[in-house]
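What follows is a single structure, and I will ask about it in a moment.
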Amino acid sequence: MRSPTAILQLICPDRPALVSELSGWVAANGGNIVHADHHSDPGAGLFLSRIEWQLEGFGLPREAICPTAHALAQRLGGVYKVNFSDYRPAAAIFVSKQDHGLLDLLWRTRTGELPMQVPLVIGNHPDLQPIAEEFGARFEHVPISKANRAEAEARQLELLADHGIELVILAKYMQVLSPDFLKRFDPPDAFHQVINIHHSFLPAFQGAQPYHRAWERGVKLIGATAHFVTEELDGGPIIEQVTVHVSHRDEVDDLIRKGRDCERLALARAVHLYLRRQVMVYRGRTAVFD
Amino acid sequence: MRSPTAILQLICPDRPALVSELSGWVAANGGNIVHADHHSDPGAGLFLSRIEWQLEGFGLPREAICPTAHALAQRLGGVYKVNFSDYRPAAAIFVSKQDHGLLDLLWRTRTGELPMQVPLVIGNHPDLQPIAEEFGARFEHVPISKANRAEAEARQLELLADHGIELVILAKYMQVLSPDFLKRFDPPDAFHQVINIHHSFLPAFQGAQPYHRAWERGVKLIGATAHFVTEELDGGPIIEQVTVHVSHRDEVDDLIRKGRDCERLALARAVHLYLRRQVMVYRGRTAVFD
Amino acid sequence: MRSPTAILQLICPDRPALVSELSGWVAANGGNIVHADHHSDPGAGLFLSRIEWQLEGFGLPREAICPTAHALAQRLGGVYKVNFSDYRPAAAIFVSKQDHGLLDLLWRTRTGELPMQVPLVIGNHPDLQPIAEEFGARFEHVPISKANRAEAEARQLELLADHGIELVILAKYMQVLSPDFLKRFDPPDAFHQVINIHHSFLPAFQGAQPYHRAWERGVKLIGATAHFVTEELDGGPIIEQVTVHVSHRDEVDDLIRKGRDCERLALARAVHLYLRRQVMVYRGRTAVFD
Amino acid sequence: MRSPTAILQLICPDRPALVSELSGWVAANGGNIVHADHHSDPGAGLFLSRIEWQLEGFGLPREAICPTAHALAQRLGGVYKVNFSDYRPAAAIFVSKQDHGLLDLLWRTRTGELPMQVPLVIGNHPDLQPIAEEFGARFEHVPISKANRAEAEARQLELLADHGIELVILAKYMQVLSPDFLKRFDPPDAFHQVINIHHSFLPAFQGAQPYHRAWERGVKLIGATAHFVTEELDGGPIIEQVTVHVSHRDEVDDLIRKGRDCERLALARAVHLYLRRQVMVYRGRTAVFD
């Protein structure tokens, strides 16, 4: 059993001595670093850092870490986030009719592989209620249409607030979230909170019916892309991509079947990276410290 | 050592008993089939077949096989091609300044892995002459520009004819062949004769500078696509695709470096499939009988 | 919706005209072949064939196909099996305490991806009873120990017979089946009936604790192997293998976590190939006609 | 163009504040860190670090960095190595008759992808002399047999010394280096100097004829393993592994052909990681900071 750790993610303007400053701060408080990853983007003049250290023996109590990190980040002119490895944030899974993403995420959560809780599943169709409830999640049916989108999203936001949701996962939700929804749940910064799985190898086959179009084009590999959701459809920062070989013998149905495995894998890996706080966003792209 | 074989490729309207008819024709002449692959496309009502049988003990001499297959294909309303496994067709490699594709193909030819000859290399720049000559190929420098495209292509076609070229491989040639060139060297049918390697995972990043655009987009996998060349830029039938993982640490130069390996592999596999007559084209896509 | 097909699998001594003979038999009865795959093994002098044709319009009724194929196989001195694509055989899943293989197979069965029924799950521990029952399978707890192995296997065989089981899938069962069990449920021939998932890339790390040993050895890829079970431990014919990259940052627990995905994929693909009758066994190895 | 950097690799007993101490040392001298990677192995109580910083603006001249790092490492009770990114060490490639590894490494060196020089190629057969010389390397034919092994290795060591060789690459050399050779050229520590490519997915098929044995076993994936050479045959620390799918249609020759691509890729990647000083050895395994 690994002992609990604190994780600091920080993005700030690049300059010399940043690694020293951050690790010096941890060391000054008696912390033992178990992982330290950094990345400099010369084009943007940015420095990204993820430092993870053991809480045992660390001089500051948990509640004092965040304010101290805040002061540090302010001094560096950056943004930051502090998390603890034994904290299991509440996530909501948005679904439509397809069950594979939901079932896979719930199973991985139950098995302890994904360190989160899933108190809430929201579906625009009622089909997946039994699966949600089997795993102890509340299922809320929020039908959505062009006519009622604003009210439906207001209801969704209310549910998210009621359940203390910090992460939304779109597991084949097949609906576009409005800019307003995003602004209210996930204000734009380096620490996104909505993950989607797209059923193609982006940027190939953006938009609808990617498997049909992949079949038409006769590609030899298909794939899936897990990405953060932004206002630009299928244009958010990519977290993980998975591909699988297909042949001329595969019909569209076979592409869909093989694609489901890619979708499950890419989404699960992306959520795992997110929960381990190994993903940071800059310039519309991700740094993945795995 | 495998004994020589004949290979019949045939595409015709689908109807019952075609497998029986084709294999029956081989059997009636005492042939021993070593590979038989078929594919039906219900949407197009097409039947594709590739049959390979040992020449040893076959009742027809080589020169009689083609006319007989011709009659068979006509009766079935189809198109066909007959090849022999010990025949090594003459291929020309078109290059520009990058050497990895050329060197790889020449090495694989010398080692016997690719059953072809390469008597001719055409470059729009002179840089790769030494490599071509090291491997015994004649290098022809045919500069090409907007102004002289027609004459340059005429010269290329003349060189292809002089050397009895049956296959053209664009190994990072970075130029577009005109519709007129294609019509004259490779008239449209099921048996294409020009293979290109594109440095992206098509249809992602069609056109110029794919690695730069892949870096900008922040994808987690890059790739290469070997395809037959048609009039539609980067739109020809795909033969093979290869991908490799990249991370935020990779600069554009790293993508280019990693991409070169994908390009070499995808191109070599596509040429190998072509030479073994395992690729057939229908509806703008390929059936690959591997 | 694809119309139902018949599938003939046949292995016999190689000689000329076999493809013609088999396809001629189908054609003579008015059958339309949708897939035909053959393989010759010169070393063993064997011919393997899988032919699939539409039942619609076929001259023989279903019940007459098997006797006719029997006569054909006898004449060719071979063994054969006939199956129908719309038949969903009954499979039993053997489990211990780990749930991922079971849950994945049951989900893929419910979703229609795996054309089988699972009326029975047998566990040597009671832990997975709820999952089995959620998916409508009967769970039987058959504890097993050195002392009671013979009686336990007798009980298992009785349960298999009672439920009309044709396929046994060991989904992380972690127990070895006795030669006697195998002889009675799965007499040695080309058409095996017990599939196991081994949690390593065989033949690396045969036997116990493969992930611990992989970690010790410092490999950079781990994997899983789905294979038919024979008397030789971890030595049966391999159907499918899947690998995933690991790094020095991965602890044994991470290898186990990543390995679970390989196990699920390799097992599901192997069962899918089996149910589509795309696997044949010869010389202790498989031909996979995919 | 990236500006030159210094790279410090260090292994020492783990204790708190090491990251701070190392980065503080760089910062105190005005260095700007571009990469910093660390790994703790709790089981062994070891800390591994790789720090890369820009030489431009660094307070110490190159010749002073090594002594200072030496003092630092001594204080921490560790071992260390300092390298500069614009230094191109001299490597010798050992070959036998197969040319693909040699040609690939020489091409990658010429193209600038592998930052090294190859002044020397040693072959126990004379076959590859032309390739070595094409790329400007001296070829030395040192025949080796049971009878003359000691003298042959003495001659090899003399050649290595004469050419200032720091890295030996066995590119399908097919000979075992004696413990004595290793002790003299590559004394055991964390910084190995001999890389081999083994033509199997180790630890599967250790020893001779791996492709033949893979074919016999009927595996569905084959691979290649690049590893540091130690006294234990095929037992040295693994740097990189690559696999490729094979089918029942592949003969041993096809496995050898497909395997060559795995061998080239795995070896080139391993040498690239080595030259970028991204590999460290501990407990018989590697940490790869890529």
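Which chain is which? They are A, B, C and D, in the order written, and residues in each are numbered from 1.
The rule is simple: a contact is a pair of C-beta atoms (placed from the backbone, for glycine too) under 8 Å apart; a residue touches a chain by one contact, two chains touch by 3 or more.
This one's a predicted model, so the numbers in the text were calculated from it and none came from an experiment.
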item: Chain whose average C-alpha position is farthest from chain C's own; value: D
item: CA centroid of chain B to CA centroid of chain D, Å; value: 36
item: Centre distance in Å when chain C and chain D are each reduced to the mean of their C-alpha atoms; value: 42
item: Touching two or more other chains - residues of chain C; value: 35, 247, 249
item: Graph class of chain-chain contacts, one of line, ring, star, complete, other; value: complete
item: Chain A to chain D touching residues, read off their complex; value: 15-21, 23-24, 26-28, 30-38, 40, 57, 245
item: Contacting residues of chain C [partner chain D, same complex]; value: 39, 201-205, 217-221, 223, 237-241, 243, 247-249, 283-288
item: Sites on chain C touched by chain A in the complex; value: 35, 99-100, 103, 107, 111, 113, 134, 247, 249, 257, 260-261, 265, 268, 290
